[in-house]
Amino acid sequence: MLEFERDLDELREHIAELERDAGADPNSQVARELAVLQLELETRTADIFAHLTPWQRVQLARHAQRPHTQDYLDRLCSDFTELHGDRRFADDPSVIAGLATFEGRSVIVVGHQKGRSTAENVERNFGMAHPEGFRKALRLFDMAERFGRPVLTFLDTPGASPTLDDEKRGQSWAIAENMARLARLRVPVIVTVIGEGGSGGALALGVGDRVLMLEHAIYSVASPEAAAAIIWRSSDHAEEAAAALGLTAPDLLRAGLIDRVVPEPEGGAHRDFDSAAANLRAELARMLEELCAQNVDDLINARYAKFRAMGEHQQAPAV
Amino acid sequence: MLEFERDLDELREHIAELERDAGADPNSQVARELAVLQLELETRTADIFAHLTPWQRVQLARHAQRPHTQDYLDRLCSDFTELHGDRRFADDPSVIAGLATFEGRSVIVVGHQKGRSTAENVERNFGMAHPEGFRKALRLFDMAERFGRPVLTFLDTPGASPTLDDEKRGQSWAIAENMARLARLRVPVIVTVIGEGGSGGALALGVGDRVLMLEHAIYSVASPEAAAAIIWRSSDHAEEAAAALGLTAPDLLRAGLIDRVVPEPEGGAHRDFDSAAANLRAELARMLEELCAQNVDDLINARYAKFRAMGEHQQAPAV
Amino acid sequence: MAVRRRGGVQSYPDVPVDLWVTCRKCGGMHYRPEFEAALRVCPSCNYHDRLDAAERIALLLDDPGEFREIDADVTAADPLGFRRPSGSYVDRVAKARALTSRNEAIVCGIGPLHGRPVALGVMEFGFIAGSMGSATGEKITRLFEHALRHGLPVITVTASGGARQDEGLFALMQMARTTAAAARLGEAGLPHICVMADPTLAGVTASFAAVADIIVGEPGATIRFAGSRVVQGTLRRRAPVEDHTAEWVLRQGMLDLVVPRRELRETLGRVIGHLAPAEAAAPARVTAKAARV
Amino acid sequence: MAVRRRGGVQSYPDVPVDLWVTCRKCGGMHYRPEFEAALRVCPSCNYHDRLDAAERIALLLDDPGEFREIDADVTAADPLGFRRPSGSYVDRVAKARALTSRNEAIVCGIGPLHGRPVALGVMEFGFIAGSMGSATGEKITRLFEHALRHGLPVITVTASGGARQDEGLFALMQMARTTAAAARLGEAGLPHICVMADPTLAGVTASFAAVADIIVGEPGATIRFAGSRVVQGTLRRRAPVEDHTAEWVLRQGMLDLVVPRRELRETLGRVIGHLAPAEAAAPARVTAKAARV
């Protein structure tokens, strides 16, 4: 439960209590009181969510109850066959990948996977992929191209796993190879940031023809804590960093770094997985249709041009 | 020093002794004796090497002083730049690989590398490649295709490393992927078995347009010891296994499984690295010239047909 | 030797059998009719016992009666005139033929899976431990080539001790030959799914099987590169029981899935539905389930 | 700011310097003229000290006077209006420009190596720790595109703290952008050689640098993904000194070579000779040595 959600939740509990007492009579005192409270809940929710600070969005994006990749796959795909392993070193549970049917089409799906319980989070390394997780993804990207299947990726990670063992197995190399492969993959690729889009670990699954973000997802060059540690020399300044980094979906849409913000249900995706998934389905279906109709050479040329254009520089006389 | 080499070597020492005493007079008693002994040495060497048993060839192929991949590279290539690592897990010193100039042409060279001293053999795992050794080779094969450079491989291994750690990192997968890649590589590939061609660990570098064998090299489905352990339930029968397996270069040329036997200098390649390398150079140069002139599609179709034809079966009525 | 025949699928003649079977893995005793009804899956340890080729084909296809075997007449030659102390290779092959009613250690053919024709190669472990000799390699290569010509997906089911020593380097070269054929299929965008059953070892693991697009392990199957005799000679240690099982190999990242036998046909049908070119399906016979995929 | 200029290569103005330098790695004190004569390689620990872009270009090319810089006028914008407690991003950039006499953290251009024109991009660590912002990424991307248009091999020399935080996600996207440009060069069969100098970190290691065809480490260079601050926060342990050096990374299998500075030009020339298409060489200017390669 997030701080700014707490009084909304108290209100919700109060409403639920009254509902139990209200009985059938729509004109009772309790029923009238209920109507007022419900209006208040809606208004206050709308008000809070209309003025979310970047830091509040960071908290929403990391919400323990927020839907993760598997939750979306369950709702978007009529069948999902998870495939395991990088055929090199290990199977990394912090990335899930496989074959699925989306809107009648066979697709390859790949996403970071956070856990919900502590045990599952340990198992899934809190969604921080190891090199072998990225290499499992790479294997599936290759498979997608070989069999001409579009790719849907789902980004939800604090960042790539940064331990000494990850360095030993070439974390930087794994990330870079995935970007290079995705940049030239001869099938459509649609990227969705569903929660935390953390740094290079996110971008390793993030190069595609379209990049979508859920309304309260974030996407950042570094986690606010890491950026604060670098810039303010202390992670206590994470909230300031979040504000400075321009990491929210609306910010990034304005910056031209993403293509679309997918609206979340009132109160955030964690309050209603089904409508979050339904909103995403609508966008993905439309875009996939459009991309699958394109000539492959045009597709990868456009993809190149898209990332080619990301950046702002200016001219200056040589110093 | 091999057993059957010992009396030849005694003779050689005796000759060397007399030579020191002989002086300049070609008609002296000592000089006449020397001439007789030299003839005897030649005759006995020729006799032994004309009737080498398979087991003796196994011993020659494994001779501690036999030239290894690096020795041939030093003599065949005017410059060799070793490249390291599989970009996944480790650099494996039991496989060496790199860029080189052979007969005025840039080539990619890859070979198993045994050590000569005990320390070097431990470092190089006695020429038994780990999965990462094969994956380093795979990376170089990819590089060869990307830049249109022919590949020369040198086989000299008791077999792929069989430890639990090798299993963990997918030894079977590494070997199979290399064969698949080599089978379809769009540049010429020439394979030379220079010493021990041991099982799948050899074949992982062994799929090419031409397969050469040094005269006293061996190439076998399993080491004689392993085959004996499987067939006779004891590796003491290695000598019998060696005879039964048909693993010598002349056997395999007759069987049509290799293309050419490269003659070794008198007494074996270890007695004269330079002429062993010169003989190999002549064959490689001629074949490479021929292969480089071919259309790439023809080349890989012919390579497919070559391995497609390896095997003997018969027809029988369905049982 | 009298055998029942059903559309190319062969079964062993009925012979009296014990009413109890002992699990090869845990030693548990099971009442045979129940064990068979459970598709030979041990209720105690989940070990998936070996199936012969006919049983496997019956398990995998929509209707085993529609299986058309190909290359049934290909059998081993004896390129080295090989003799073991226990007898000649020719005799071993003759015994294996009599035992299994097969000419080689693999049965290949075409049959329907989820209404789609697939090229199916199933190894027969009873034939010289499913070892791969020239004729085995010839049949596997022809299977991939047949699939390539007709645009079919390939399913292989492996159960093998590895390369057949009795054929020397001819046997080793089957690794290169079958792998090359599999690689050529892959270039044409046709999928190859391999099911690694118990045991899948050495020269078969390390060739066409390992380069499959999707690799499925059967629960409890031993899957490894180096035979235990080789390793114990080298390492002087015994591997723990859980090492080299399909579940362990999955964790090492080498398999895509470990699938219970009861779900195998459904899983393979679904996976092929995703990967095979749409035009390869015979639309008239596509089932409702497959159509959705 | 007055700078010496030689064919596009810039050097810092002469300023009085100490006669002794302290090795950044081992703390050893060295007499500056000798240290400089040894190409800034520490005689005690073999650490290869940082070079600025001009020094690096002089080290690598046949004749630095022939270096033609491109895109020297590209400089950072401030897409987020970013302020640190210590000041605005605009000020940081201005200071970096004044300090280095460069407009960005990389110097790009064309020059001869072993008589062959190569596209060369050398990072300037003195410019905001060689961090990669939009303008840096723009220059790197243009370098790969220039090489692609003209059929040139590319050499990059990295020395960078990673992505430039002050540009937020714009900085992160430079990883994708430069890597895509490098991948496109590779498709055309043109080689990219990357020299990872001290330090090569995070967003630069994990992008165009790591996908180079050949990766050369400089002795003693720190090469890693996660900055120590990130890791110590996560792991609460300090990495041993030898971890993350080029030599260590080579053993992990991620580098092709670690090459002493004195041999670097020769090695790069030789490698490019092997990989670059023959027609890209300017034959009239090929040296005897290069012609042999």
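The first chain written gets the first letter, and so on, giving A, B, C and D; residue counts start at 1 in each chain.
In the analysis below, a contact is a pair of C-beta atoms (placed from the backbone, for glycine too) under 8 Å apart; a residue touches a chain by one contact, two chains touch by 3 or more.
Keep in mind the model is a prediction, meaning the values are calculated, not measured.
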item	value
Pair exhibiting more inter-chain C-beta contacts, A-D or B-D	A-D
Where chain A and chain D are represented by their mean Cα positions, the distance between them in whole Å	34
CA centroid of chain A to CA centroid of chain C, Å	41
Computed distance of Cα centres, chain D from chain C, in Å	53
Junction residues of chain D - those touching two or more other chains	186, 252-254
Residues of chain A touching at least two other chains	87-89, 169-170, 173, 177
Pairs of chains satisfying the touch condition	A-B, A-C, A-D, B-C, B-D
Footprint of chain A on chain D - complex, ascending	1, 3, 69, 72-77, 79-80, 82-85, 97-98, 100-103, 133-135, 137-138, 141, 163, 165, 167-177, 179-184, 186-187, 202-203, 205-211, 224-227, 229-231, 233-235, 239, 243-244, 252-254
Residues of chain B touching chain D in the complex	78-79, 81-92, 99-101, 106, 132, 136, 143, 146-149
Of all residues in chain B, those that touch chain C in their complex	160, 162-164, 166-173, 175-177, 179-181, 183-184, 199-200, 203, 206-207, 219-222, 225-227, 229-232, 235, 244-247, 252, 255, 257, 303-304, 307-308, 310-319
Chain D - residues contacting chain B, complex	186, 189, 191, 213-214, 250-257, 267, 270-271, 273-275, 292-293
Chain A residues touching chain B - in the complex, by the definition given at the top	87-89, 131, 135, 169-170, 173, 177
